[in-house]
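Chain IDs A, B, C and D follow the sequence of writing; residue 1 opens each chain.
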């Protein structure tokens, strides 16, 4: 892969990225930005849309925690933006969700320039909140050594951390640090739009083959992690009893749904009048087994799975937010992988790939027919 | 109706046996109460008397506000056959607030509640030394102490007496491991209970006139003190805009607090509707007036809006804090501000089914002190 | 002006015209000589090019005819006399007694179970039998039987009232009388349709087993037909090879019926659906596939697997083990054995067109179809003012064009009275 | 108001009564909440049955009812009328099909009874959630816009224009008449094309209710059946025209010869398209470029059939007509017609062909034809084995859709099929309608066809309009239609593509989809495509179906 190499003094990638963005602003390739930024109380991060140089400078493009999944933030711009070249810096999983939502017209990609970066994973919000300052420190270290001890469980299993020849996600530009010389980072064009931008900036394109090996290694590690963790997970998910047990702690708060970038419905079916039953119905249900968890939550979980697993990007936001520490993200990711395989579909792989359920292919599912 | 029934059994066994006998005699069709299964705790609708044994009616947890659940059970229409429900005082209060919004009905519900020592944060359920903790909890309650490790909200909650319940059990009672007392607080309860259940005595509680034994009074005043202390700590009344931003700055707009809130009864929250999405021109003017805007918008406005919408009815149950993924003390804020608002209107949510929510009625003299 | 219009023939053309006129606020007398409505289209299991089930396709329209209060349906009826002029025609209708009350009958079928008479069912191309009290097909509309007095033994003088006794609804009335109706109408639309050509002797139809004409094969494939859709030879075995002969009757009639080619190609789909490895050979002269959709349809059908042999001289004879198709290929005489032969026979004018033309005072063309006033600009106008022709009564055509003509004839009828 | 529900059990003579224990059914239903009457009758669809039902509804003040009988396909309408007669909204009842789905298919009486009870309970559960649906009426503008002033458009305009109905005839060229003007003689009547048009122009002239716009085009269309607003641009001026229906009659074009492959050298002298040859005939002089009389002429059919993928249906005939032209004008010229499959549908064509053939035209069947220009024009065929030298070649090119059909289709939101012609609503039963109600397609805009068929279609569309948009009469649209809950719509626009009737449009300000109540047919496709269940179909709402299903699954 080819790309441009830029300086990041003292390995401060955030600073390097910001100066790249600001040079883009000067050259007119960007006119505004959507970036992650520390909140005034310095204990969390939020997304801002800005064209102000000062705000860009105080932003943190690569932040230690994922609070609002980026796609959810972009969704609030779906009716249009006043600026036309908004550079958006987000994680690969956020990019993938952005692409999924764009297929449902929830995000308009026309005015956005999507910039992804090599993501080592993020810290669990809860751990970070215990001591934000320490969290910053820990994360800065992770950015350099990619040690996955302190990152979220779901991140440990993520193999879509960087761009490589085999396309697993799309953005316009990709910031890469893996395998790049100390105090440097590189930018790869990951789309037509990206190529145009790098051309416009007249930066020297260099071969970045040095990153092939480290990227491959990380991906392999992650895949192995996933395999290992799935060995444990799968038996907990197969069969109704197991599944029921898996979600038994669920308190129906539905925060998993609220933070999910893919759950786009305004009124969730499972919160609508359609699932309101009368007392008689509930009693009848309870009397078949003698007792019944009230309100039952398994149907919600399975229902949400059927609705969004095709587009699940395994961002782990749900698991991070679950007050009961259910491994909901990992469960969805497992089911999602399998469903996506059925349709040979990878959410967020490309701008053009249509949602499988919105297209009809004559040959699909032939094997099930007989 | 100052009567109580004394039952010479430990409180949990005694209550379960009572419930079983009610089921057996078909006086009730089902029991709604807490159940614990390994590290899961949930409300359960039990119809089979053999399953009552699995229940843990007094487990100090609140997986969901029971008032909200009872509303779901009785929303479409009232219950046709009696059900006994064991819930906490704040859950009952929430339920009554919902009934005022036509979202439920007390018909045929036999409400059993307790003088409540409080509950623990819901995620404690997975802790390894939980049984030990629960034991300690009951030990404190028995000795009229406030248990440790409660929800923050429970620490400042002085509405520990479920004055509207049909049957009330005092958990702050020294003898509770050997005998306990059921206070019969309604005609409905009298229909279900009689001397076959135990010895009938005169009650030392007068729920109608708020007369309680000294140990309970002490706890209430301790909790009131706690509330004042918390108010002083957070200074909710002096936050100002910056303070609010500091407090809610972390909010990610997931709206889970509203999702679990029993008082948030709207089918579709206004803040989830398209009304609260950025419109292009609004965004443009926002960007012109400020250097940057936050995405998604209105996270703080949501909190203020919700506060506005529910503060008169907030029962301070603390569900919201429990589910907040970014650890904002939502429940404390709402409870404190709710409390002040409720004081303004002299309104106690859930106290009286007949009393209308103050924002739905107009009184000529109200808030006159703000007029100048 | 009477605001009444007479439509003769309740096939798809007559149905379309009647519904349209009724919607326009006209009172429609829909005269049909058979006991049911639907005409030829309901014989088809599937219609090209989309393979819709024809009965499903038309049954909503049939229901509409039955339920529309502006349409007066006169079944088992024939037009006997027409006098007067446009805007004031007097029409005499002979309506045969049905002997079954349309209001009371619920179509339960109890009556035909007890009928002692069994005769070939002409609606099923005589491939199965019916009773003297009968509905032509299962699923016919209206779902009310009629008594066929020609075959009913009671009407032949014998003592039998089996059907009446079996009816729980007192719907059967032997005393019902034929009626003569006098109608006043403004205009008349003739949509009497067509009949299928009877293949001449050289095709072996009626003499050699397993030689069928198109409608017979259509019924064999029909799920509500004699074999409930199973394609079998007379001896019960499954045919392994089949020959489809196009243009049967073209030489005799001197015209191309325009729809037989594509209909014959549709049979490939019928056959392959039931017998996957059947060998199919189409004998054709020119594949006549006019229109935007038909070439593609033909391509799809060809891809299912069939041979095409171009030949205009075909004779069918019976061989030892199978049927033989004798044909000329160039100057060479050739033979092809087949287990079954389908003759795609042409569309022909109804045999009683002549009588009806006389009654209506309109002309027939040299083929026996009703003569249009202008071959380019007035195909729906007959040679008499106020009388319109539509569908295969005017010329052979496909369903689409029949419906078009029905709509066009309606416009002309309405136009005549300046009802625009 | 408290609900009062009635349940009516039809015995259907012996059909149901003998196979289902109706007493048991009655017993099982009587105690259902709010059920005030459970009654049976021998036959509810009979006169007495209907009367009984009507009286029961009135006497018991029923608010809803269930009727357990046959298939709703058979008698739903019957009972809707009874309900209306009894002063009830006709949508407040539900049929349970205990005949076809129970009595007729289950041998065991107990089983059938059990199933019948389930079905009736399901219907009872469902009917509780039924809602009154009120009829709507919309005022319809009877005026019609005809796009395209060819023969089809002219015929349709003349058929429709009248004292109560105005017709706007829009033609993009400077004169009416279309392609037919260019034909010297039209098939089958052999009338002169120009005189046919002239005769009709005279009538248009006299008709006050036809307004013609020449050199005009439609640039925007909004609205729906009965209420279209069309912006027509004539020269530099734009005008707004309001009509109730639109007829599209934009005709066809001939395939561009440069798109063709495999015919060899098509760009040499003395190769003419059919239309060029018509012109030559009209001018009265059939000669080669060099001015000499051709001694031999080759006429090639099916030009472009492979490229377009369909048979145009008329080229064979016009090709044969060319032979007639030549025979009439230049007797003694050798004529060779190269055809693939002679397409001679309809009764009159074969005779015409036989006449021409008998007069000495050589008809040669060949699938592969090449034109060579080597020492004179040659037609090669039979895998180049046979060669026929000719002095002149006439090509019969395929008909293709008119150039503006694409933009017009987008404007009108009507689909086109693979061939590029506009798609009719149904290939059999609705050939001139489109999926957009009130928009019709006629003539070669719908597909290649002969003049007589074009004219039939023109009158057919006129017939449909005369029968549906009657001056002074209001339209009654379907009431069981989709509606979109604005609060729940996320604006993904999936439903827009699913709707076959163009009944959903997108509100760019609110950012949500909106159903046009007049155009919606209630087919339900959009509901299946709605990711966020914002769309519901009245009378088939999720909750109605769910309650029914839950009860059946008991």
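Heads up, the rule we're going with is that a contact is a pair of C-beta atoms (placed from the backbone, for glycine too) under 8 Å apart; a residue touches a chain by one contact, two chains touch by 3 or more.
Being a predicted model, the structure only gives us computed values, none of them experimental.
Across the two candidate interfaces, B-D and A-B, the one carrying more C-beta contacts is A-B.
Centroids of subunit A and subunit C (each the mean of its C-alpha atoms) stand 64 Å apart. If you average the CA atoms of subunit B and of subunit C, the two centres end up 76 Å from each other.
As a whole-number value, the distance joining the C-alpha centres of subunit A and subunit B reads 36 Å.
Contacts with at least two other chains are made by residues 78-79, 266-267, 272-273, 277 of subunit A.
With touch defined as above, residues shared between interfaces to two or more other chains in subunit D number as follows: 487-489, 491, 511.
Every pair of chains that touch is listed here: A-B, A-D, B-D, C-D. In the complex of the two chains, the subunit A residues touching subunit D come out as 78-79, 104-106, 264-267, 269, 272-274, 277, 281, 284, 307, 358. Subunit B meets subunit D in the complex at residues 268, 273-274, 277. In the complex of the two chains, the subunit D residues touching subunit A come out as 485, 487-494, 511, 529, 531-534, 542-543, 546, 550, 554.
By the touch rule above, subunit D contacts subunit C in their complex via residues 12-15, 43, 45-47, 73, 77, 155, 159-162, 164-165, 186-189, 191, 196, 305, 309-314, 339, 341-351, 354, 365, 417-419, 421, 424, 427-432, 447-449, 451-453, 455-464, 466-468, 470, 473.
Those residues of subunit D that touch subunit B in the complex are listed here as 486-489, 491, 510-512.
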